[in-house]
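First chain A sits with chain B, and in the next complex the same chain sits with chain C.
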Partner chain A sequence: MTSSTTAATGQSVIRTDLRDKLTGQAKYTADLKLPGMLHALVLRSPHPHANILSVDTQAAARLPGVYAIVTPFDVPPGKVAPDLAILDRRVRFVGDEVAAVAAADLDIARQALSLLEVEYQALPFVLEPEDALKPGAIVIHPEGNPGGNLVGGKPLSLERGSVAEGFAQAELVLEEEYFIPVHSATALEPRAALAAWEGDSLTVWKSSRGVHVDRATLAEALGIPPAKVRVVGPYLGAGFGNKDESRLGALAAVLAQRAGRPVRLEYSRQDEFVAGRTRHAARIRIKAGFKRDGSITAIHTIATLNKGAYLASGPGVARRLGQGSLYLYHCANSKYEAYLVYTNRPTGGSYRALGAPQGHFALETLMDRAAEALGIDPLEFRLKNQVRAEGQPGRRTTPPGQNIDSQPLEGGVPFSSNGLDQCLRLGAQAFGWGEPAEQPADPAKKRGRGMSMMIYRGGPGFASAAEVRIDRSGVISLVCGLMDVGEGATTVLAQMAAQGLGLDSRDIRLIFADSATTPNAPITAGSTATFSTGTAVVQAATSLRGQLLELAADGLEAPVDNLELSGGAVYVKGDPARRMSLAEVVRRAASDVLSASASVNPGSPNHIINSFGAHFAQVEVDTGTGQVRVLRYVAAHDSGRILNPRLALNQVEGGISQMLGFALSEELVTDGPTGITLNGSYLEHKCPTILDYPDIQIIFADVVDPIGPLGAKALGEVPAVGVAPAIANAIYDAIGVRFTRLPITPQRVLEALSLQRSAVSPPTTRSNRGGGLIADG
Partner chain B sequence: MPDAVPAAATTATIALEVNGRVHRLTVRHHWSLLDVLREQLDLTGAKRGCDRGECGACTVLLASRPVYSCQVLALQVGHRPVVTVEGLGESNILDPVQQAFLDNDGAQCGYCTPGFVMSARALLDDNPHPSDDEIRQALAGNLCRCNAYGRIIQSMRAMRDAAR
Partner chain C sequence: MQPFQYIEPKSLDEAVALLAAQPGETQLIAGGSDLLSEIKEGVAAPRRLVSLAGIPGLRGIRETGGGLELGAMTTIAELAQHPAIRACYTALAQAAEELATPQIRNVGTLGGNLAQRPRCWYYRHPQTVCLKKGGDRCYALAGVSKYLCVTGGDRCYIVHPSDTAVALSVFDARVEIAGPRGTRTMPIGEFFIGPGQDLLRENGLEPGELVTRVLLPGQDEIPLGPPLQRGVGGISVPVRSLYLKARERETGDFALVSVAVAVALEGDTIRQARVCLGGVAPVPYRARPVEEYLRGQQVADVDAAHAGSLALPNPRPMADNGYKVPLTANLVTRAVGEVMSGG
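Our next item is the complex of A and B:
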């Protein structure tokens, strides 16, 4: 984009904040302390569904050291989300917030909680969508969703072409039901908030994925003008999209106001598991029609998602679950329906890639079955049927000039770039696809190989803004409302600004994530930061560069075209002795600070912007213990141009490893008779450790997106999308069992193997895989 | 610092050596070493990830051995010296472990990082040339939910290989 000699992007510069994180200097919300600060705790519901008739606070309030109590009977009436009050007189899952206290220390707060006397009127409860949809089922949100427990009163229904016609043309139809249970994101940092009032002005430091959105939410919930609220995002101990509600901040604010002192409120680990946000459980029925030549005539997917108690990001999750089946394979006739259903379970929310991993698990295991049934190699099948650069067949429905949704239904719109074919070929080559898995000497251990491919939104998100400015001493700042959620957005955005200004990214001062000092910004979500905010950063940097060159042109008596901006100075091309430092250039300006801002509505009116990937897994199944180990993994990704290779590598490796848990071990279990969630701990909801980490090889396709800033597209969530089906397909190759339910735990493997031994059709060898069983254990 | 103590709580005065400095502190009997480090000494490098010995984010060195500081009562420490992540390296020079993690991007969000650094330090003090398997075993008690394990292993290998 510039003729600068400094190529700040494309280099593995060190994370801007890594030194602070390594030395313990990085402050996360729970590390912050203010003079006179109190500690708060939340009382949680023991009932899955109940009305709160009263809360007697007298005994707790008399306890020395208790400064404030908030209950549903004295809380401000505002809401932090359409169906979520700060505190409600109805609780909707075991662990729902009932009341909160602020005390001089946690020991006192704990004692105070035990002295709160709550009178509950227990209500019937439902944990499964199927029960929640039955006529006469208790309605969980009678005010906001009065018709029943189906969110919005009707399912989402999207169709391109006609699946009825597509199935009429089919020579083979396959159908299967899949089930993916709840699992928890459980970031290592439990949610925390610290609130302090100064007169009628409130400041909240909190675990956040968007300080400006949190500010608006808190102002509305508390009934105060947004101008009186400041939200600051300290370092975030990761979120994976998950830290997306503001009840915590509002509770801390109310308590702090009542106590007249700052209040810090932290979730415990169990709170984080149960009252944080989970991935939505989904039951997915998918049916697809094929021609004998391997082409696909129709795909029809119906998903039922367990919303849990509150809406959170449910509609977005439901929509994204269907995108793979609507768009990953070239198919004229595709239909997607989704039922999003309230239940009395912990709330489903955003978790890395929203519904895409559930949807891809169903789609990519069914397509593996299809390839086998058609006698085509799974890679060949995908190479043949993958969506191509021209997009899907059909007609564009978006009005001319309007940006195309990066999660479209319509056909007739090409991709800005599509490296899926490259991902499939490069990944297969690196993996050695086609060669059989080498079997170990121990006959109890079976190895197998599987693959998957994936499609995901490519980065266009909400309207985004950035400012780049330089002061009279020549210091350049990048000012941005965005929150770095631990993935490294600040590092990459600094590189993008530096590229435009011919600087080293380390020379750029970063001002981020403070609603008082930065321009409005969306939440960091949907893998949009690099693309959407990055587009604004590049524009602002380019504009500031223009201003600097204009000023320098005067001083150096040379035309702008003949100037170079690099290394903190402007000089005349071919005559570098004629130069001015940036500080000297700024001093020629009329004002003390030169500034350039950009606001963008990211996207394209002519193209779909999507990211792609292909994954290849080799597993070993111990048929004695049921243990599945992933031995080797190759992931090829098209995320456009990679701006920081080492950070990108870390993110893709991490996304794959994180989703080993989704595939093999993580399930948040809620007890049917009581509604109590049983395993809110790392010991019982088993997340991958360093012992589980396989040999992972990452390949980035050689794609420079013509629309993405500096050629980049989305990356963050994409690697999470295709992990479970690649592993499930490899397990099938190893032992001949098709799992339709996650996670594939040792117990489920052993049960399936036992079923397989007692079945009539025993063959499990690769040459006769058609005899494989379907296990839904 | 707490400004009101429940009548039932029992306190004791202890001398606690942390990062080479001895602190005289009044602590309640049930307070963990992590409580005291974070709330009384303002050493917030050790993180509270679970408070029940599952995640390793609070790992510190106690008499040169890595421990979950949430599982050690402050009263149990006695004369044994404690080293936290803040005690590694010198004013502007990183400990080789920190330097290797910096050079190899051995972190993402950073919340688990002080714990990993301390476990890694303890391993290398014991065994400067650990095998890949020894590296994994030594770090298996530390969870990273970003799963930056690949880069953490790479950091450890780089350090081991440089020491050869």
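Our next item is the complex of A and C:
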């Protein structure tokens, strides 16, 4: 990259999709129409748990305009996920798919659904993991997960060092239980798919986080060769990781095949809330041991996650929940256990940062308590105990030469870069940490300040590939199977390609998210696009650059080292008149198109690659109404070198805004007696609006990662990780109440304040610090 | 959503006739912001919608001998912006301004807001057949009661969701109703009915009847007392008033609890007072002990916290809504305090 004169990265290049989206030209899946297209609807279960004994389709099939019906009794036997048939003879939550209909219009489809006669055999149901784990509880997946509802039959258990020894050394032990309820991702675009067959070849346009993975899934489910399936990802109206992990595409494909016409299936808003994928509810018990000098001797976390009806990304969520307690604080003895439990609730899936926000809420709230109990300022406590560049104490267990997991358990491996200390210091400085919150004149309103820090995977993900090519007219294309899920990956990857080729990124033609025209690619997940796919893009661009310079060197009769590639031309350094356009260079090649591809297995055999952050919040609690307002927010992040500052700011603002609801107002509520979801709407699942947002200041630590492509590390999910604890700690500072359950609604604030006033010494209030749950070890 | 017929009559008589012809299957539509979501979510399934949009004279705010006539089709945004309402019936303007979101305020109407259906999660779920939908049980008793009433429940525990109803109550507004037997008016306090009177309805509209106007009394009629000062447009300003609303987010949210307070002052003496609560009962709930406490007091002697403590004499909270009791007391305290200090 050394000789490029165009600093294509590091600039706030306008996102490639901005014009289309702002002008309403952007086509999302549900905007697409094909000649003869039919409209599909899904019949959903009214029962939380039942066997489907029969589905009588005769009346519906006779309705004029009905073209196809699919039921569990005539569906292809393949699966869309290990525990998810295209349709199943058992339904496992209220809203689970029972049957689907394709008709000439939605009114007919709706009428057809009402004519389907389903005979159910209702089964006992369980909504809480505690009940689902009891002996004798109804088993929700008797075939795939026999014997009980604990996924895999045993918990995840990871230990570094020995927590028993760690607690034996402790002079102070704190323990607390936290609860985080289900939280919906509330993407503006409900899931949609459009399926069309030509002979035995299927094309599906759909809400997707990865067209190649969707292709493989559909081929498997439908029992057809992957070569016969093409998946295209139109613009996505937000994914947050959870689109779509569902039956959507397979149902559309089966209906289209039976109808002999294209079929579009779009979820309703309520479907999206109930039958989409949510953040897993979690009960987290965390216990930590400390020395009087403030150091940490042991951390033991036990999480029980409510899986809901189907697996989706559950194991990944469970694993990520524990990474904060395993790795954020320097600690020789750390143990994490996770119980992932099937229940008859809507399905938990991937949602921005998976389990990390749940885990960090527990960890960072407990550590705030610890700092107080030890008489240390929360910032000082974290500066003292943060994991440092050398990583955790202990011994490396990954075999030599093998890439280190970006969620390691082992000690003895350093980070490639670690800007956590910078995040803490820069954030604290910008926030004015240490100065007390200025109190308003109204004595009912109390202000307080709080903070948190966070750790997250730094970007190495799945094997990734990219191709950069140039044709005889000099047009350069970046070809990549990745799906831009709305975060701006195409923009940044184009910048990365442009940098190597001395171009303006806007001059690069982008060919993305179509399984027929792009090389295999992973899902856009785990904050890996910039790092993993970016590594491939940089390699491919560098390789193409080399080819171009070789050809030009011949033509310009100058050594490669003497050439400059910039502005669509190659010229001789110091003599720019001696130049060739890229088109002229390509014409010297033997073939019509010059191309360079790269496939990478991103990561490092010697380093942990992680991203970091520190958040600071100032809140005002209205003790009269229980309302919490976040007045000011400072977020400092180490995501390596920032390739597009504007997009990076958007990511951080988005993460904070989204998790403000997680902290204060959002909860998807399932009714205990009936299993129905009570608030599956924007009105009742209360996402904050722009009026609820604080003033947000964002800082990026000046870190250049030595391994990340162009110095970059992951950012996408990281800002979501530490928001809730920063706010909860600020609320404690304001009113002296430690909340252990989210969201912190006016109801909960008022209940806690009533307890605080009436109780002699309630265990969760400031008046009790140093006693109660705090026991000397 | 089942197919329905949409009719836009050109006169009130025509609308009343259409409404009376098949009352069970016909529903009025004004702005539609509540009804359409009920239809889309499968809670309401009318065969026929009668729109009020084409009937002249139902929309607008008219000044009458010191008072105001508010047409039922007047939008919430128009209420919030009207200078006479802002100056003289401040609590109503504030209630309108705090209601829903700008888009809904632009289409939602006063009549629709008064006649909107409850927000109870169980009533709104397409799968439940609760008492309010003609079923045989209240699901909230064993379920989630966070948003439900703390007083006045009787088998059904809804709260009335209207912000404007709470504010109108403190001005002794009257509701004008047209029906097959002509026009009648009733005090707003009698317009709303609780589940004890009728489980299926939230107001006293009989089959074929509809709200045409809301009448705000002026200085001569208002029982609150003489005006404090002259207002705009020849309308007197009879009272000081205020509306406060506690909620879970700053916009697009119904009240957890709301309060409207109006007082008429003679010098520093409170001649008359009205206090009405939203979010606590199945109807807008008059906090009469607070009114009695305030009446005759000197402004400087009012103990706002005491007033707040009187707001809910015998609360009967459910499993999840006990927080509304202190919330009500706190909100009334704040509202009374602000009104006394000139708000």
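Note that the second predicted complex is superposed on the first by the 758 of 777 C-alpha atoms of A that agree within 3 Å, B and C clash if a C-alpha of one lies under 4 Å from a C-alpha of the other, contacts with A are read in each partner's own complex, and residues count from 1 in each chain.
The rule is simple: a contact is a pair of C-beta atoms (placed from the backbone, for glycine too) under 8 Å apart; a residue touches a chain by one contact, two chains touch by 3 or more.
Because the structure is predicted, anything quoted here is derived from the model rather than measured.
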Original post:
Regarding the shared-chain residue A:190, is it in contact with chain B (first), chain C (second), both, or neither?
Top reply: first
Subject >> Touching partner for A:107 - first (chain B), second (chain C), both, neither >> reply: both
Original post:
If you stack the two complexes on chain A, which partner ends up touching A:627: first (chain B), second (chain C), both, or neither?
Top reply: second
Subject >> Touched partner set for A:276, first chain B, second chain C, both or neither >> reply: neither
Original post:
Touch check for A:24: first (chain B), second (chain C), both, or neither?
Top reply: first
Subject >> Which partner reaches more residues of chain A (counting touched residues only), chain B or chain C >> reply: B
**OP:** Give one of first, second, both or neither to describe whether A:448 is in contact with chain B, with chain C, with both, or with none.
**Re:** neither
**OP:** Using the touch definition from the top, say if A:683 reaches chain B (first), chain C (second), both or neither.
**Re:** both
Original post:
Once the shared chain is lined up, is A:691 touching chain B (first), chain C (second), both, or neither of them?
Top reply: both
Original post:
Which chain A residues come up in both lists, the one for chain B and the one for chain C?
Top reply: 107, 681-683, 687-689, 691
**OP:** Flag every residue of chain A that touches chain C in the complex, lowest number first.
**Re:** 46, 94, 107, 110, 270, 444, 623-627, 665, 669, 671-674, 676, 678-679, 681-684, 686-689, 691-692, 745-747, 750-751, 753-754
Original post:
Taking the complex as given, what residues does chain B use to touch chain A?
Top reply: 2-6, 9, 28, 38, 42-52, 54-55, 57, 84-86, 88-89, 94, 98, 101-105, 107-114, 117, 136-137, 139-140, 142-153
Original post:
Which residues of chain A touch chain B in their complex?
Top reply: 12, 14-15, 17-28, 30-31, 33, 64-65, 104-105, 107-108, 111, 185-190, 235-238, 240, 266, 268-269, 485-488, 646-647, 649-651, 653-658, 681-683, 687-691, 693, 696
Original post:
Which chain C residues qualify as touching chain A in the complex?
Top reply: 1, 3, 41, 121-122, 125, 127-128, 139, 142-144, 146, 246-253, 256, 320-323, 326-327, 330-331, 333-334
